[in-house]
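In the two complexes that follow, subunit A is the common piece, with subunit B as its partner first and subunit C second.
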Partner chain A sequence: MSQELLFNALITGLFLGGFYAAVSVGITIAFGMLDIVNIAHPAFIMLGAFIAFYLNSNFGIDPLVASLIAILPAFIGGRLFYKIYYYAFERHGEESLQGLAFFFGILFIVEVGLLLVFGVDYRFVEANYIRKTIDLGYISLPLRLVIPMIAGLTIVAAIHLFTSRSFLGRAILAVSQDPGALRIVGGNPVRVKEIAFGLSIATAVVAGALLIIIQPVEPSLGREYIGRVFAICVLGGMTSLSGTVVASFVVGIAEALTTTFGGPSWAPAVAFGLLILTLIVRPEGIFGR
Partner chain B sequence: MNAIGHTAPLPATSISSRRVRRYLVPIAASVLIVLFGFAVLDWISFEYAYLATYTILQYVVLATAWNILGGYAGYVNFGVAGFFALGVYTCVFNYKTLQLPLPVIIMVAGLIAGIVGLGMGYLTLRLRGVFFSIATLAFAIVLNTVFNNWRFVGGARGVPVLRPDAPLFFGTYPRYLFGLILFLAIAAVLIARAIEYSWLGRGLAAIRDDEIAAECSGVPALRLKLIAATISGGLIGMAGAPFPYFITYVDPASAFNLTIAVNTVAMPVIGGMTSWVGPVIGAVLLGTLQQVTTVTISSALSLMLVGILLVTFVALAPRGIIGLIKSLQRQSP
Partner chain C sequence: MKQISLVILRTLAAFACIFISESLYAQQAPIRIGFGMALSGGLAAGGKAALLTYQIWQEEINARGGLLGRKIDLVYYDDQSNPATVPGIYSKLLDIDKVDLVTSGYATGPIVAAMPVVIAHKKTFLAFFALDANGQFKYDRYFTMQPSGPDPAVAQAIGFFNLAKNITPKPQTIAIVGADAEFGQVAMSGARQLAKREDFNFKIVYDQSYPPNTVDFTSIVRSIKVLNPDLVYIASYPPDTAGMLRAIYEVGLSAKLLGGGMVGLQFAALKQQFGYQLNNIVDYDYYAPEPTMKFPGIDSVLEKYRTRAAAAGVDVLGLYIPPYAYAEMQILEQTVTAVGGFDDAKMADYLHKTVFKTVVGNIKFGPYGEWDPGRELTVQYQNIKGNDVQQFKESGKQVILDPPELKSGNLIVPFTPTKQ
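Presenting the complex of A and B:
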């Protein structure tokens, strides 16, 4: 009996982990690579969730398709957002303290904005795969977990291909290693960062659509994800995409085990506990150099 | 910064006048504020006036306390709600067990939150400032989960707190709460002011400007940051202790109140973070504004307003209202 519980918890954790990879890859780009402490990232995830909800409930668009529609506006919006951030803070070298307060404010503006538009009720999407389950006898795989995991891992794989193969992607890695050197070889770090940040926001919006497939959402749910995304990013070694995936699985499994054996009310503390533990014991993360 | 200016030796004749300015003026001002505050509110003699003023003064304590670490040293603490809730639940625990008088509990809450602040600081203040901020955010959520699951102090459902009779002289309980928080607010401001003009404040300012340079010139950065984290955390916890008697029903949602967390960061930023005056101005202005908008429009909108003000100020006037006033003064003559 408890073995079956354990097994199911591990499976659920793996699926959650795949989804968490999609949630935190944006932070790995923004915080790890670009050194932009975007604590408003989870708010953009919620924004994505509510975009999917809006398109789904009003036009019957599948949440996955809705997320594809939202990618381009999110990318452009993210670039604009970075421009504001750059001209207000980064240009003066005042990004640390003021930037944090700035993103903290943005976090609440987005959250309260969603609250004012959509209210405090839990919202969910309709799609024919959400209630289906693949039953494999011993274990059961709900499709609402399987699809976000596949989508999440696809996103990370795509970003990995982009950063390792394409010219622009390599420029992003270069900016994360040494913006000054990039400038010397004729690149424009600000433009590269702008594109990378747009990419980061785009992943947040897609992750939001995946989130609303997994569970009903309300605007303040994003706060739970602040700890998760940063825990995963730090645990994974800040800049490493493969580290992010492994850390996502670690956090996902740890949460699923806690939910199964300690009760769901303890689950929010898991990621945060892991984060504090990582910061204390090994701030460079599992994969850090 | 002008940190060095303060250390320059002053002529002997000015020492006594300096002492007057440093000690007598603030004490006289505090006494006046207490008398004036009670006089005005008693004249209004309307219970809501005490409670509205309580909220604003609570923010004076929180903003001032937060600024000791956030403004002076430049380490942004997002875990205000956690320290505040430590105070709140110290009071609830006491309410359920010993029922000691509130002033004692405020001291105990300050002690507990101060020790936790020291511990948090010891674990995370050696890292980059950003990690400290994220860790404090995480700390608040972990604590929130703990209190959600701790049935004895109400768990997720919460617990009602009955106000006992007010002590003599104070008359009604809201008036007593007002007196306590007024005392705390004055104490917090005096402490922040004393820190600002002391070796501690100068050291923290040096850390804020350039931590590595400060360490190289002999500032014991970690020790100063730890002292600041302890005082700051302790004061925030003290502000939380009377809160259960203010709202009379405590659950994690109210103890870890989002509005409190946002306001406490927003007020010093809007007022100006480098001196003790900034958080006070920010708390009084923003606190009053919020009281008005919450009553007249809605609490969600008033939170939105704070968010917008925070972003606007941090982007356009990072020195806050104090900075705006100073730049105006510089232009006019």
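Presenting the complex of A and C:
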């Protein structure tokens, strides 16, 4: 086994893991903490990618800055979606199947909307770091992967700080554990879930900007990520942000090592095999309680 | 008796009036051409460009007074790039909409999915860009607008291999990598067959496919680089092509010849994104604006397409899809005109025995609808400066190296990525 290949595979796995963490953290909030099966999450990732594309191609704004601009509207939009979802389904206890259909509908509406506005071509962004690579001996660090990893981990760290240090953040954790108990102590679970869902959509939009730095996008590309992000969320333990990060790195490194030493066609099998093995040993996931 | 005769006469006159008015109506009713088309999903970039070209042809022919004196009406549904939707679409087109003619949607997957319905209705079927879609069916009323030729499995790679064997010193090793999807598998299978053939005899040192949702390709490219193959044959889809090229530049993978079956480089978006980084990459193509391919009418088609492409949100150069989509409609027009209607048996017979003159040159179909002979191009990107997409409209940027009768320049070796 070549040392060069091994080190580079591990590093590529870390890069991928950091990006997967950014993509999956929103699912962990929505699906893991709030019990909302937001199947439209990848469509919001694509929305973020196209916002970054639009601001980059028309105004020359860096995709990362573009994602920061989009965070607030995405947060407000996410809250609005939750309100519709709550009043239409959750309040009546009809969230399981009808709620799923609702998010399927949102997925197609967002996708077709992007298609009508931006067309069907693949879209890229330009930033001065995208074509650059830092070489450290035989290890190469492509900045188009390094930057999404750093940004991804920063997002998760910020959300972790928010949920562990702020009152509202703790309320989100509380609503994920026992909404009834939160109501008893004077909290409003619906409002807390609304804010958390807004946060989830905001992270999706940022993840989209990171995705378009890594590869070109077209409106339907998000569907490719549905299986992977839900698998990471489950592997990490559903409600745990730390678990999501660890699971993202496990999947990223497993994919990179398998691609390098076993062949790329085996990469998903090994990643999902790890998920199955973990769930056999720890059905609650790596950091599940 | 006289009164009875009068009644019979009046009844006959009434029937005659109804018959004549129906005949007149039928003459004026438009000819309806039905198809499913990828207007959303992963194949939509090709599907929407094809639809726009069909519409340009429709407007032209209607302005000329129509086909057989009747206007053309296009009846189409979005197949969402999903083959599962296609049988339902063609059942509706044929059984409910009762269209006069059916053509295919874009690309192999949806076309294969349409075949059982089309065969059951015994319809003559023009298929648009299908790689070996009739390989299993052997349907004698299938005709494809893809210049792969009688052996489609190797057509994608044969030009690449022909160039490789003439490089001095002769290359010895090859890496084959491609997408784990229908096109990738067929193209890779062709490359494997050719590598083992006596006249090529390249040792395969890497042979792997990757799943369609692969995010990063640096691990794959690094694994290939360690093996130092002389040739790298890649059968990739557009996002993978972009990922692969970026990884090639990041890792610094060189080879005597690199490329072969990279889908996406035919479209303006990737041409613009990679610009000068495409220099010396060898790839398959179907049309290049070289002097050897200046067929009558092609410039006019491209000009009309380009004036509307940006507004339609499709490929702004239109070098890949529009020439062949327009040629497909020209073939349909010539066939219907020649047989004087839509009799599927007569149409198929005419399609088999005729050499069609089109904007992409002369086309003749073989027994199972593949081009005979094939005419897949192998081009090399040369003299590309910067990232301006307009330069790809000029000759000398995508130099045709194979087939010999269309050759417009000479091969440059090796491919060496220059890091920025």
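Convention: the second predicted complex is superposed on the first by the 258 of 289 C-alpha atoms of A that agree within 3 Å, B and C clash if a C-alpha of one lies under 4 Å from a C-alpha of the other, contacts with A are read in each partner's own complex, and residues count from 1 in each chain.
Here is the rule we use: a residue touches a chain if its C-beta (ideal position, glycine included) is under 8 Å from a C-beta of that chain, and two chains touch if they have at least 3 such contacts.
What you see is a predicted model, and the numbers here were worked out from it, not measured in a lab.
Participant: Regarding the shared-chain residue A:12, is it in contact with subunit B (first), subunit C (second), both, or neither?
Facilitator: Only subunit C; A:12 stays clear of subunit B.
Participant: Touch check for A:231: first (subunit B), second (subunit C), both, or neither?
Facilitator: Touch status of A:231: first partner only.
Participant: For A:65 in the superposed arrangement: first (subunit B), second (subunit C), both or neither?
Facilitator: Once the two structures are laid over each other on A, A:65 reaches no partner at all.
Participant: Looking at the overlay, what does A:106 touch: subunit B (first), subunit C (second), both, or neither?
Facilitator: First partner only, subunit B.
Participant: A:214 contacts which: subunit B (first), subunit C (second), both, neither?
Facilitator: Once the two structures are laid over each other on A, A:214 reaches subunit C alone.
Participant: Taking the superposition as given, does A:268 touch the first partner, subunit B, the second, subunit C, both, or neither?
Facilitator: The answer is both, since A:268 touches subunit B and subunit C.
Participant: Between subunit B (first) and subunit C (second), which does A:115 come into contact with in this model arrangement: first, second, both, or neither?
Facilitator: Both partners, subunit B and subunit C.
Participant: Go through the superposed model and pick first if A:280 touches only subunit B, second if only subunit C, both, or neither.
Facilitator: first
Participant: With the two complexes superposed on chain A, say which partner A:256 touches: subunit B (first), subunit C (second), both, or neither.
Facilitator: Touch status of A:256: second partner only.
Participant: Under the contact definition given at the top, report the residues of subunit A touching subunit B in one complex and subunit C in the other.
Facilitator: Dual-contact residues (subunit A): 112, 115, 220, 224, 227, 263, 265, 268.
Participant: For subunit B, which residues count as touching subunit A in their complex?
Facilitator: For this pair, the touching residues of subunit B are 70, 74, 76, 78, 123-124, 127, 129-131, 133-135, 137-139, 141-142, 144-146, 148-149, 156, 258, 262, 265-266, 269, 300-301, 303-304, 306-308, 310-311, 314-316, 318.
Participant: Can you list the residues on subunit C that touch subunit A in the complex?
Facilitator: Touching subunit A from subunit C are residues 39-42, 44-45, 47-48, 81, 177, 180, 208-216, 218-220, 222-223, 226, 238-239, 242-243, 246-247, 249-252, 264, 267-270, 273, 312-315, 419-420.
Participant: How about subunit A: which of its residues touch subunit B in the complex?
Facilitator: Of all residues in subunit A, those touching subunit B are 37, 39, 84, 88-89, 94, 96-98, 100-102, 104-109, 112-113, 115-116, 220, 223-224, 226-227, 230-231, 234, 263, 265-266, 268-269, 271-273, 275-276, 279-280, 283.
Participant: Can you list the subunit A residues touching subunit C in their complex?
Facilitator: The contact residues of subunit A facing subunit C are 2, 4-5, 8-9, 12, 15-16, 19, 111-112, 115, 118-124, 131-133, 140, 142, 144-145, 214-221, 224-225, 227-228, 256, 259-261, 263-265, 267-268.
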